[in-house]
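Please find the structures below.
What follows is subunit A paired twice: with subunit B in the first complex and subunit C in the second.
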Partner chain A sequence: MSVLQLSHVTKRYGAFIAVDDISFSVEKGKILSLLGPSGCGKTTTLRMISGFEVANEGAVMFSGIDMKGRRPYERNVGLLFQDYALFPHMTVVENIAYGLKHRKFDKAKIPDRVAEMVSLVKLKGFEHRRPGRLSGGQQQRVALARALATYPEVVLLDEPLSALDAKLRQELRFELKEILAAVNATTIVVTHDQEEAMSLGDSVIVMSGGKIMQQGAPTEIYADPKTRFVAEFIGRSNWFSGQLAPGTGGLAKFKATSGINMIVPVSGGHLTGGQYDVCVRPERIQIDAATVASAGTPVNEIRGAIRDIAHLGADLHLVVEIAGGQLLTVTEKYTGQTLEQTGQEVSISFRPRDCIVVPSGS
Partner chain B sequence: MKRFIDHAAAWLSVANLVIVLIFLVFPIIVAITMSFDGREYLGRFPPPVYSLRWYERFISDTYYLTGLATSLKLATIATIVSTAAGVCTAIGLDRYEGPGKQALETLFLSSLVVPAVVIGFALLLSFAMVGVFDGFTRLLAGHIIITFPYTVRTTLAGLVGIRKTLTEAAMSLGATERRAFWDITFPLARTGMVAGAVFAFAFSMDDVAVSLFLTSPDSYTLPVAMVSMMRTNFDLTIAAASVVLMVFTFALILFLDWAVGLDRLIGKGVFSSQGEPS
Partner chain C sequence: MASGIFAGRSKTAESLMKSLKSTTLLLLPGLVLFLAFLVLPLANIVDESLRLFEPGRIGSAKDAPYTLANYAEILQPSYLIYFAETFKFGILSSLIALVVSFPIAYGVARQNNPFWRKLAVGFLIGMMFLSTLVRVNALQLTFGPTGYAQFIAGLLDVSPSGRFYTEMVVTFGLLHYLIPISALTLIGTIQNLNPRLVEASQVLGASRLASHLSITLPLCIPGLVSAFLISFTLCLSAFVVPMILGKGKVLFVSNLIYARFSEIANYPSGSAVAITMLVVALITIYALTWMVSKWHGDLK
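Let's turn to the complex of A and B:
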């Protein structure tokens, strides 16, 4: 049985529908990311799970039990707030013990549990400090320890890494995953940051306008987005709009409005052709055509000129202008090769299977 | 030239500070010094001889002493009532998110901008209409009205710094809303509440304008007694009375600060929560 299940949950504020008939479930010990731009309903969803908002329709269930009418303190949820919300007048130990006291733990066992949490989040030696005297990363670990101390059924993380700087973020992401795995926590991560969502989540739900756009494993969402919104929201993308011809043998001809012809993969409903958008990820485009072409496989090839090269250490970001003045982004790994020159004429290419076909305007 | 202007500005601001200090402190020093004047009559500053004669006269004058007793009693009760009411009002205002929040806030703070004389006169008329003639009751009502906005203000200021997520965090950890208030909101807002009480006490002790209207022959405050003495027989007992008034106000502020002072240390840690040792 799922530890957490939402079925047909809707939340309205007057005429505005914040969350529109969403359903999903999370299994024990799994991490699910709710990803979307601000105002997509992800935070409202989190607040309905924690009990701070009440759904107009549908049910939130913990291990099969409907949480209807239960206040936040009557649900066993561990919440990690974006601003950590540590109690500034209490020490690390007092913060962690707070939940244990109010969740009616055996008083004699509280110190042991607190010590256990302190060592889990590696804060030995900081027990009697107030939050004001801890670094951002340490504060986050206190908040996490406080949220996990009461053995919550569901752990909710609200933008857990967004308040930290880039380097610390990477370090803590790994730590966070390890800690969550150590306690086998069933977790929901709410975030607008695709990197955070994909790196933490076993599966990702992309939300927009209160609706679930797509759900799947991070790789699946990235490689096989079903709509233009999802493809654009996750990762960088180059777009062609145009007419898809009826397909045979899994491939079909696509003629972009700019006049460029290419071969793209087709399946299911796309087979009959029509108006479609095609997305090509920057890292799937090759500047040197020879490396892609091999006997028998068709390759899409476009002539263009390099407009800009940005060297970002490990990566090169190139901007290539093609027919009709369209600019494409291309990324390459920098491995010491001779760099192309700005203004140089090049031939860029990508395989049909690197094209993502989505319905136009989706 | 630019640098000269900067230097001049720096020098001017120091000069400004010195001048303000002189204006604020000098009259008080004069009043305190004169209260120890040893001469029989009102002479030039500084006095050639010093004595406690004016203080002796003050403590043997029942008119002043009654005023002092009324003032202290009044200030104490008014502070307690207006702090309690102000704290409740501020908490309500802080939580209320509906329409008219701004208007409500302005309404509760309005007696700050209404001249005290107007409040005093309006109260006198109203009390006469409803038939309240007891001096102390009238004074108490007036003092609660003039001190109330200060307690609302400072408590609100204290509450604004407390993020809503703190209460939500406590609730997600199993605390009811009531528990969360006593564990989190109250200790963090305490500094603001105490500041409000201190202001309330000081303003109540100090008030003349409102009290003047509401006084009765047997219920008058020390400042009112001083004003009426100034008109009838002006001598340096008034200087001694001023010093006494100052000392009492100061002592009670210090006491309040000390009584809640241990917790204020914590309060300080709260409002400078980023990194600094407390």
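Let's turn to the complex of A and C:
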């Protein structure tokens, strides 16, 4: 049975529909990411799970039990706030013990549980400091320990890494995953940051306008987006709009409005002819056709000129202008190769299977 | 390169000097006023309080000898009772004001509708513009023999001319301006409180009451103490309220000082009472502030 299940949940504020008939479930020990731009309804969803908001329709169920009418303190949820919301007048230990005290744990066992949490989040030696005297990363760990101490049924993380700087973020992401796995927590991560969502989540739900756009494993969401919104929201993308001809053998001809012809994949024949958008990820595009042509498969080849090269350390970001003045973004790994020059004429290429076809305007 | 850095540094030093100069210049008028009209008169009072008073005179003689008699006098029970009375009303009224104004402030601070919030704040500020004489006379009428509130005396089974009833009316008189001022002070404190903290405590299993007692109240202590101190200071200097509503039964130190100065022209005695009151009040305020800052100091 799912530990957490939402079925047909809708939340309205007056005429505004914040969350529109969403359903999903999470299995024990799994991490689900709710990803979307601000105002997509992900935070409202989180607040409905924790009990601060009440759904107008639908049900929020913990292990099959409807949470209707239960206040936040009558549910067993662990919530990690974006700004941590640590109690400034309490020490690390007092913060962690707070939930245990108020959830009426056996008083004699509280110190042991607190010590266990302190060592889980590696904060030994900081037990009697107040949050104001801890670094951002340490504060986050206290908040996590506090949220996990009461053995919550569901753990909710609100933008858990966004308040940290880039380097610390990477470090803590790994730690966070390890800690959540150690306690086998069933977790929901709410975020607008695709990196955070994809790196933490076993599966990802992309939301927009209160609706679920797509749900799947991170790789699936990235490689096989079903709509233009999802493809654009996750990762960088180059777009061609145009006409798709009915295809055979899994491949079809596509003629972009700019006049460029290419071959794209059509899976299962559900893509009939008509208006479609084609997306090509920047890292799938090769500059200099020779390397790809040798693979012996059909290749889409476009001529263009380099407009800009940005060297970002490990990566190179190139902007290539093609027919009709369209600009494509191309990324390459920098492995010491001789760099192309701005203004240089090049041939760019990508395989049909590097193309993602989605219905036009989706 | 090195000379560039050096030049830069000396430039900053120069501009620092300049800003220091202009700071002093800008402070000067204020300092002069402060010295001439606050410090010197106060020094004058201190001097006066140490002079020997001869009955029949107005104030002390120009060359009256120095003495501590005026201060020694204050230790007599007939004087101390004024201090006790003032502190009793000050502490009690300030505490009642806190209890009443905290929910008001909380309601206003957490009000989502800007219209109602502005209206409430405007009302509280408006209350403070009311002249003390107006509010005192309004209360006098309300609680007096013809006032509608006199039924309270019956309700409490006390005489409307008795001491308890008078003390109650004096307390109401003080509360009339203490409540708006405490509420306004507390609104800021509560607004600065991160609402996520209360949510965090509720998610951790604390009921609304438990969350209020363990999170909201402790974090509001500095604000509560400031509100208390402001109220308390206002009570200590209250003059019109005890004079009119107290009907001679309740008298504060201010009334004593007034009587010494204006009724019997014993300036040295009035001065000594005033200085004693100032010192006692300052000690109380500093002690309270020190205690709270010690407890609350390393939160931020």
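Everything below uses one rule, namely that the second predicted complex is superposed on the first by the 355 of 362 C-alpha atoms of A that agree within 3 Å, B and C clash if a C-alpha of one lies under 4 Å from a C-alpha of the other, contacts with A are read in each partner's own complex, and residues count from 1 in each chain.
Methods note: contacts are C-beta pairs under 8 Å (C-beta built on N, C-alpha and C of every residue); 3 or more make two chains touch, one makes a residue touch a chain.
Quick caveat: nothing in here was measured; it's all calculated off a predicted structure.
In the three-chain model built by superposing on subunit A, subunit B clashes with subunit C.
In the superposition on chain A, A:71 contacts both subunit B and subunit C.
In the superposition on chain A, contact of A:133 is made with both subunit B and subunit C. After overlaying the two complexes on the shared chain, residue contacts for A:50 are found with subunit B and with subunit C alike. In the superposition on chain A, A:325 makes contact with neither subunit B nor subunit C.
Shared-chain residue A:81: touches subunit B and subunit C both. With the contact threshold set out at the top, residues 50, 52, 71-73, 77-79, 81, 83, 85-89, 98-99, 102-104, 130, 132-133, 146-147, 150 of subunit A are in contact with subunit B in one structure and with subunit C in the other.
Partner subunit A is touched in their complex by these residues of subunit C: 194, 196-197, 199-207, 210-211, 214-215, 218-219, 296, 298-300. For subunit B in complex with subunit A, the residues that touch the partner chain are 163, 165-166, 168-176, 179, 183-184, 187-188, 266-267, 269-270, 272-278. Within the complex formed with subunit B, the residues of subunit A that make contact are 50, 52, 71-73, 77-79, 81-83, 85-89, 98-99, 102-104, 130-133, 146-147, 150.
Of all residues in subunit A, only 50-52, 71-73, 77-79, 81, 83, 85-89, 98-99, 102-104, 130, 132-133, 146-147, 150 touch subunit C in the complex they form.
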